[in-house]
Amino acid sequence: MAIDRTLEMFRSPIPGSERSPAIRSVDWILRGVGQVVFQGNWLTGLVILAAIAVNSWVYFVAALLGTIVSTATAVLLRMDRSLVNAGLLGFNGCLAGIGLNFYMSNDVTIGEWPSVQLYLYMALAAALSTVVMGALGSLLGSRGTPVLTAPFVFATWLLMFAVYAFVGFEPGALLAPGSPAPLGETAGYTAETVFNGTFKGVGEIFFQDNAVTGIIMAVGILVNTRVGALMAVGGSLLATLLAMAAGADEAAINAGLFGFNAALTAIALGGFFFVLNRSGALYALFGVVVTVFLWPSIGVVLTPIGMPTLTFPFVLTTWLFILAKPAFPALTPVEPADATYPENNYRRWKTEVLAQRETVRSG
Amino acid sequence: MAIDRTLEMFRSPIPGSERSPAIRSVDWILRGVGQVVFQGNWLTGLVILAAIAVNSWVYFVAALLGTIVSTATAVLLRMDRSLVNAGLLGFNGCLAGIGLNFYMSNDVTIGEWPSVQLYLYMALAAALSTVVMGALGSLLGSRGTPVLTAPFVFATWLLMFAVYAFVGFEPGALLAPGSPAPLGETAGYTAETVFNGTFKGVGEIFFQDNAVTGIIMAVGILVNTRVGALMAVGGSLLATLLAMAAGADEAAINAGLFGFNAALTAIALGGFFFVLNRSGALYALFGVVVTVFLWPSIGVVLTPIGMPTLTFPFVLTTWLFILAKPAFPALTPVEPADATYPENNYRRWKTEVLAQRETVRSG
Amino acid sequence: MAIDRTLEMFRSPIPGSERSPAIRSVDWILRGVGQVVFQGNWLTGLVILAAIAVNSWVYFVAALLGTIVSTATAVLLRMDRSLVNAGLLGFNGCLAGIGLNFYMSNDVTIGEWPSVQLYLYMALAAALSTVVMGALGSLLGSRGTPVLTAPFVFATWLLMFAVYAFVGFEPGALLAPGSPAPLGETAGYTAETVFNGTFKGVGEIFFQDNAVTGIIMAVGILVNTRVGALMAVGGSLLATLLAMAAGADEAAINAGLFGFNAALTAIALGGFFFVLNRSGALYALFGVVVTVFLWPSIGVVLTPIGMPTLTFPFVLTTWLFILAKPAFPALTPVEPADATYPENNYRRWKTEVLAQRETVRSG
């Protein structure tokens, strides 16, 4: 379709990138933001940044700062330019920047402007995420397993755990150690629970407690891939419904906290790292269900130190499901280096299958 | 001996397995149960299931459910049929099923019949254990290191940690967060401490707080291997005595809690993954001693969230001791794919050594 | 220089080692102590032992015991003799011995003489460190990543966590579970904070809360490498200053607790595992800054069980920074097996670079 041909151009570098380092840098940043949700598309990144700005300029700045610092660290250390060009050195820094800002704020919804010390710390986390990226790439690369947002999770955890120890930092409202306790009862679920749970779930991927922001982000994914957008929204919706069925806390569901990891797992397993055929769809569904329970699970582990799960439930589930791929011939994995977007991954596989049948027939 | 030839048949598939999918399935299940204690023998599995039934029909059903679901998941995902045939896709599901049932019960000894939601959750854990099996196999396989019961431990932990977060689940009596504290004193040890510690120790491998069950299970191992049965009972006894010497809590020792991980380590290192020559015996002894202290150690780590160690002390010790094998030429490791039972592993090694000497002499 | 030629001899085995097993054993022990700070030099080991003796005979004995047991375990299991000869099987045992003794004492500065049971436990930890060494070597060796002091950390943690569970052990004053809390304020910093922070920081590598001991240890490093000594003292100083800038607890800084991990990271990254050219220096600086925050970070994780970080902040940072080396062509890594001391690593690299230029010119 014509619209597909038009949208294709946003997957390529921004026109002029080859000549102008400034345009190239903008491309790195926008694409880096898009890669948080697996979209190598600068328009996706732009829409997502706009979605963040709609909710909070504080987080907009944090996202930019993190993306720039982690990418710059990679350039300074002369990382493979093709990875940098794909935006793969930006997305972990982006999340590290917002994440530290978010958890050091008392009003987490729109955030608080960081002190100079906190800005430096956010930059340190973003830079560290690039080193963690290199380290995990070295451990997982040979197994065809992507690092996902693990560099963000580990770099942010390692630095965030330390904030209690310095008078120069004031931990935000959500950082509060406690003891896990069974959930006795919960407020009743309403249609709003489902709506907010689903769309804030998309927004919470970037720490945005705002359904409109989540909707705009879904549109940002949609400009690159219909299936990907469906997975993001569908994964978050499914997680919301399942959390309700199992009797989770209404406030947590409503805030999208069950949705964001599930949305990421759905995008990753649903067409990106596996071809979305029938087995692939069931496997992705299985992964989403597991992710729903891993969010509170990792949360319980971190409760005694009062620290957040970040996107670790998604990372852990997706790692397990991807690492296991050699054991499961029923699935059709896509090598991380070859993965583009669900429709394209599917098309290439279909072509291959047909070509093989042709060979067999004519052979 | 005649008895050995008779017993040999239980290592082969149940007669009729090639023709009848139903018999084949029964073989998978029984063998899967047997593989918890490293026995590829369907009679072992049958005796162990009987031992569980002697104590509790609740856990008998949980064991069957878990074994069936994890095996079925593997079949659906088309895992290597030789692994499925060996029962290797059943044992983690078996333990995951009983484990969740056990810790969600208030009367843990005989258990409580699960709600529908809990049954679904047990099935989810069993299915997840198959994915974890695939993932860990991909990580450890190339290092000649078996996954052991790690898929059970990780799948169960990940889902069990989450139960606090849902009104649909009622955590059992043993799930109680706390703060670790030094053991000031303990009740006096008696002959019963030693007896129960040893035989409940074998039973606790399957969460059975029952000395008779433990004794029947030891018999179940005995029908496949005398050395293996000796290791199970001897490992549990040694752990019990060592825990008493170091001054552990009488109630914990009496319940077999020091014994069950040590029994598994003794079976694994004592003749199964290493030839049981003199160095092998000392190495296994060393591993058992370490395991005795790792049970409370992992317990302390989990105390703040009130979660159980499961068989992780065994897994961790045995992983360390097997991963280290290339560094220690004093030992004679057996490749996991070649490991059958201690007597046979030893015999093959002896034959090889004699053949090499022959070659040297005649060369 | 003449002094360099004189000092060179301490890098070789003690004269007579080839003939006398007794002298050879002394060489293993001294070299093992030196390897804690990456110095394959028996004089370094001797000076460090003297430095410990200056502070506490209790810890002197613990260091010897640990070094001897871990080395003897390696010899019994027939580990590669070249590793044993390099002292690489002693340093983790050395730290495990002192570490358990330290945390089981009420007066930690000079320590308390252990009970027989504790001495056996220290020996078990040292022996276990050798198995962990073998296991980690198997996991990391193929990635050109050294095990560092991880065998000490893991073996000591695993056994130390268990001490609460036995009446035969009395946990020392520092083992106290708690809940992490923000640091509201701190005592004022003085020149003494900087001085003690820096030199006790070096001493705390071996658990010695004594600035004089730290200074003697720095001299011990100096006899093998000027750059290494500069890194140890400079890393500890930098960490002290940075902790002050970020507002850490004066008492913790003053006790050298921010310094010891940073000192080790500085030695490891600053010229030992990377050539100390301009990129290498900046990378080491980056690593030291990260380590400063990882000490309280890991501390927070362990607060609920009241356990110490040991040298894990150094291990984790250095692992991340070394694992990432294939991703960063700006750096010049030195293979662990080829790493000697900073000056020599640099010289060989310079020679290679010049030789390559020569080839290019004449080619």
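Structure notes:
Going in written order, the chains are labelled A, B and C, and every chain counts its residues from 1.
What we mean here is this: a contact is a pair of C-beta atoms (placed from the backbone, for glycine too) under 8 Å apart; a residue touches a chain by one contact, two chains touch by 3 or more.
Protein identities per chain, from UniProt: A, B, C = Eukaryotic-type low-affinity urea transporter.
In this text, all values refer to a predicted model and were calculated from it rather than measured experimentally.
In terms of which chains touch, the assembly is arranged so that all chains touch all other chains.
Looking at which positions face the partner, subunit A and subunit C present mostly different ones, since fewer than half of the interface numbers are shared.
Between subunit A and subunit C the centroid-to-centroid distance comes to 37 Å (mean Cα coordinates, whole Å).
Touching two or more other chains at once are residues 304 of subunit B.
For subunit C in complex with subunit A, the touching residues are 143, 179-186, 243, 245-249, 252, 279, 283, 286, 289-290, 293-301, 303-304, 316, 319-321, 323-331.
Those residues of subunit B that touch subunit A in the shared complex are 76-80, 117, 124, 127-128, 131-139, 157-171, 177, 304-307.
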